[in-house]
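Worksheet: the structure to be examined is printed underneath.
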Amino acid sequence: MSLRDFGWNELQFLLLSVRWTVLLSLIAFLGGGTLGLLVAALRVSPSRLARWAMGVYITLFQGTPLLVQLLLFYYGTSFLGFRPDALLAAALTFTLNSAAFFGEIWRGCIEAVPRGQWDGARALGLRYVPALRLVVLPQALRIMLAPTVGYMVQIVKGTSVASLIGITELTRTAVMVNTVTFEPVRVFGTVCLVYLAICWPLSFASERIGRRLDTKRAASLGDVFRRPASRPAAGRVQPR
Amino acid sequence: MYEFQFGPILARMPTVLQGAALTLEFAAASTCIGLLLAVLLAIGRVFGPRPVAWLVTGYVELIRNTPLLVQLYIVFFALPKAGLRLDSNQAAIVALSANLAAYAAEIIRAGLESVPRGQVEAGLSLGLRRGRIIRHVVLAPAIRAIYPALGSQFVLQILGSSLVSAIAAEELTAVSNNVMMETFRNFEVFILAGGLYLAMVLLFRGFFSATGRVLFRWAA
Amino acid sequence: MFNEGRRTVARGALGLLAAGAALMAGRQEARAQTVDELIKKGKLTVAIDTTTPPYASLDNGMQPQGYDIDLARLIGKSLGMAVEFVTVNSPGRIPALLTNRADMVVSIFSITPERAQQVAFSIPYAGQSSVLIAPKSRSIQEFKDLSGLKVAVTRGAMEDIVLTNQARTTPGIGILRFDDYPSTAQAMLSGQVDAMGGGDYGDIYLKKSASGDEFEQKFALHAFHFGVGIRRGNPDLLHWLNTFIYFNKNNGALNELSMKWRKMPLIDLPTF
């Protein structure tokens, strides 16, 4: 590894490492999504114990840094008789972490469905799970879509943290390439573009979907001062 | 079987608490600087001329669609090549502030735009000047609307600042790593670190919701 | 009335937990203790760090290469089994053993009494110095010249231990700890620090700097030897490793590795 220029080889090396970023993101999305649905379902379930337990779970994972969770799973889990390698530790951390966020996001969406729908389902003789599955969730899906796609951006960005336990995904590869080329502006500039290429379409889609559903939104204030009107997107608070 | 030993870690508690203090300093400094910047960005985007609004949008999208860790690396490793050298702590605050500004600008913009258009038009028709409308009709209710979201931004800064350990700033996560290297009590170290983060987060979450209730009693 | 539904949810949760547990259990653990157990397992899992050239790095085909890699393969060949590599970073080496993720660590693992409280070391198979590296323009001859300067080290590496100890008696040394060697070298390259601790191979990273200044090795921080790390309480395997190293030292195999990767003959290696 002697010093060389930032050329085609290095670019290829960076682009190849994106597969780990994508793989980790998919694991977090699929695993976290599956588990998150369960968390959301338990969070609105009739059982107080289940609601409380999921509340604690969400608080734990939303109240501590992703990096600390990752370090705990990677270095600190041996006493459980569970010894993950870096990739498994990352997969597990990202899954559990995004399950907490998905659980909380989707709970909000489920609760946005009018209470009367539950009552109606109950009147039809449906129990909790069928009522959720057949009546409430299908209606919540519409609202769930935008924040779900939006949170995928956070997942993709979050995978960069895995570089700190030695997984050679995009960010760690950038550090390694920069060490042999010392072209930090070009290397990290490229990396930013790659992340943008993955994340920006997701952000854009999320905002589009959100805006289409947000029919009651008032016209932009800026429009009053500044005509003709532009159409800024609906601002949403996103977790980082 | 694993035996828990918190002893060696408790012996290093002063260092750990120093790290936690630095974490809070990072969160506080970057929230203050970031908010100031965010207000400018939001005003630029909502009230500024079209090119300014585009620039702000570009900045916000760039920051929100790239990882904080990469932003930290750029500030710490790449800016010196452009002639701007910041030490670990300065680089941490700059990157965290720049990051928060993008998110907070969107929150503030949403708050500004939550004010019904009719009220502004009413102000205009009463002959009020632009500045007065912005201050009284737009900003006052907007601040109330966005206060909870801004409080949660501070909490997110506490969590996000754990990443600055990667550029050698000795905050809570970095200190925990050091203690792990010295004691090899991996589980205990990160349980302690996680507990401290959780305590800070819950404390400040409670603080912001309590102050929010007091500050905006007039509007209730 | 929601009772049955609740049970369905609970069943779903249990199923998911069971699936997770199965996934964990399905992963093979590297926890063989004796040579016999290792042979029975039929596979040697070795922890390496591919950011430490010339001992371990990735070649153009993204495969590990280097002194440590060749040695690990030689160990595998000698035991008659395939070698599987797991990548760790410097701070991850001891955890890799303690958490049974690897049977051995072959990764420029310097032998120290502190580490030996956690893991067991074989006799040395290689050795070198860790050195203080700084730009030529900066005059540094000894530790006290570092007062008031910033020095980058890799967290948990030998340089960290030596300089952290030194900083206790020489106030004013600012130590910046990074998570891996590339970050440390990068901090030096971008001029964020005035000096760095690295192996005496470290200068190959550092041919040009931000200011065009050249780097040089100022002084040795510490001379040390690398051993193969295994879990403690494992005398059988340790004895085999020592026998293996003794044998390959005498038949010239280690010298060949040294010539191939370090372009210099094997240094005198003590035993213990």
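Structural remarks
In this document, chain identifiers A, B and C correspond to the written order of the chains, with residue numbering beginning at 1 in each.
In this text, a contact is a pair of C-beta atoms (placed from the backbone, for glycine too) under 8 Å apart; a residue touches a chain by one contact, two chains touch by 3 or more.
Since the structure is predicted, the reported quantities are computational estimates derived from the model, not experimental observations.
Chain contacts in this assembly form a complete graph, since each chain touches every other chain. Ranking A-C and B-C by contacting C-beta pairs places A-C first. Look at where the CA atoms of chain A average out and do the same for chain B: the two points lie 19 Å apart.
Annotation: 33 Å between the Cα-based centres of chain A and chain C. Between chain B and chain C, the centres computed from C-alpha atoms are 36 Å apart. Counting partner chains per residue, chain C has residues 95, 98, 179, 183, 186, 190, 210 touching two or more of them.
Shown for chain B are the residues that touch two or more other chains, namely 77-78, 81, 165-166, 177, 180, 186. Along chain A, residues 75, 77-78, 164, 175, 178, 184 each make contact with two or more other chains. Within the complex formed with chain C, the chain B residues making contact are 76-78, 80-81, 85, 87-88, 165-168, 170, 174, 177-178, 180-181, 184, 186. Contacts from chain A toward chain C in the complex involve residues 1-3, 9, 16, 34-35, 38, 41-42, 45-47, 50, 74-75, 77-78, 82-86, 88, 122, 127-132, 164-166, 168, 175-176, 178-180, 182, 184.
Residues of chain C touching chain A in their complex: 1-6, 8-9, 12-13, 16, 24, 27, 29, 49, 51, 53, 57, 60, 62, 86-89, 92, 95, 98-101, 179-183, 185-186, 189-190, 204-205, 207-208, 210.
By the touch criterion stated above, chain B contacts chain A in their complex at residues 1-2, 4, 45-47, 49-50, 53, 61-62, 64-70, 73-74, 77-78, 81-82, 99, 103, 106-107, 109-110, 112-117, 120-121, 124, 130, 138, 149, 152, 156, 159-163, 165-166, 173, 176-177, 180, 186-191, 193-194, 197-198, 201-202. Of all residues in chain A, only 59-60, 63-69, 71-72, 75-79, 153, 157-158, 160-161, 163-164, 171, 174-175, 178, 184-185, 188, 191-192, 195-196, 199-200, 203, 218-226, 230, 232, 234-240 touch chain B in the complex they form.
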